[in-house]
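Data first, discussion second: the structure below is written as structure tokens.
As written, the chain order gives the labels A, B, C and D, with residue 1 at the start of each chain.
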Amino acid sequence: MSEVTGEACEHHTHGYIEHKDELLKRLRRAEGQVRGVQRMVENDDYCIDILTQLSAVTKALERVALALLDDHLRHCVASAASDGGDVAAEKLSEASAAIARLVR
Amino acid sequence: MSEVTGEACEHHTHGYIEHKDELLKRLRRAEGQVRGVQRMVENDDYCIDILTQLSAVTKALERVALALLDDHLRHCVASAASDGGDVAAEKLSEASAAIARLVR
Amino acid sequence: MSEVTGEACEHHTHGYIEHKDELLKRLRRAEGQVRGVQRMVENDDYCIDILTQLSAVTKALERVALALLDDHLRHCVASAASDGGDVAAEKLSEASAAIARLVR
Amino acid sequence: MSEVTGEACEHHTHGYIEHKDELLKRLRRAEGQVRGVQRMVENDDYCIDILTQLSAVTKALERVALALLDDHLRHCVASAASDGGDVAAEKLSEASAAIARLVR
């Protein structure tokens, strides 16, 4: 993951911008996996095999989310924390809420 | 969910067959959601908004998996359990392993 | 895990009875881990170290739940499935609901 | 949750210190719940009832972890981010790794 940067987290400097291509590649793979699960259902494949694929694509999406969250902490949250005050408190609340959604 | 049926769990009688259209509809929606996340990344949307969508599609896929598992228990596992013996033990081991993959 | 047994799932033949000592040992260990986390908080230990312990005890409890569920499927659910009818449908609904609680 | 503070994250100023009593209360309750599950196993209670309690205590511990993580972000990580440099990068890597352990 990239170093902590200080510049403000405006539109053009989201943390994930540096890893955009990698994120899109993983998201397209996940999209393909979901289509693959559809084909398994259409072909009346065995339930357990379909469940195995569903677990795989769910885990893949979780890993994308964790990578995005890491970038967000390193850039948007870190730069807001440097500024301190309400903006930082809001960014940290947002991050905690996003983490809670991921955990539950 | 449907009643427990006794017939053997051969290729044509997987539990989910009765809910195939509903499963395919939900999987196509999930596929669309993953494409939606791609567009958000392409448009440099805000990290937290992307994370919110990723959590939503992960949860949607989990619900599909739980529905599939329920059907599998009611049909394939239940009918194997009626037969007893090695086939039942194998089906139950498979089901437990699939549940563990979903939980972790 | 034990073989699938056919006898009815009355009070004395819950699946986990065969593994009761092992379950109690693992639950006592988890209890000790929770007390350990309390000591870390009392001693003002570093947050990340406490979080590491919390993840460990949460995972330990999940493994206990998965072992219990496996026993339940092999005994209570399997024997009910052999009987078929409403009892089986109810046991399967209960099992699916328990699995959903574990997954979410 | 408390406001973002700038002071360095040394031993005495961990984020959770302000909520120590609340954390200890919740951890003691979780300890009691684990002991309660032990009693259920000792009393040969019904598997599903035990699983329901196990899910409850697992979720309770997850909520404690999320509260601790929120405090950690607001204090240790935020103050390190203000300082920037290697310390910040390390704190952020630690936080991301802790989040990943919680999610998986």
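The rule we apply is simple: a residue touches a chain if its C-beta (ideal position, glycine included) is under 8 Å from a C-beta of that chain, and two chains touch if they have at least 3 such contacts.
Here the structure is a predicted model, which is why all the values come from computation and not from measurement.
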*Once you find the CA centre of chain C and the CA centre of chain D, what distance in Å lies between them?*
22
_Inter-chain centre distance, chain A versus chain C - centres from mean C-alpha coordinates, in Å_ = 31
*asked:* Among all residues of chain D, which ones touch two or more of the remaining chains?
replied: 62, 65, 69, 95, 102, 104
*Taking chains as nodes and touches as edges, what kind of graph is this: line, ring, star, complete or other?*
ring
*For this structure, give each pair of chains that are touching.*
A-B, A-D, B-C, C-D
*Taking the complex as given, what residues does chain C use to touch chain B?*
1, 3-4, 6, 62, 65-66, 69-70, 73-74, 77-79, 81-82, 84-85, 88-89, 92-93, 95-96, 99-100, 102-104
*Enumerate the contact residues on chain B facing chain A in the complex.*
11-12, 14-17, 20, 23-24, 27-28, 30-31, 34-35, 37-38, 41-42, 44, 46-48, 50-52, 54-55, 57-58, 61-62, 64-65, 68-69, 71-72, 76, 94-95, 98, 101-102
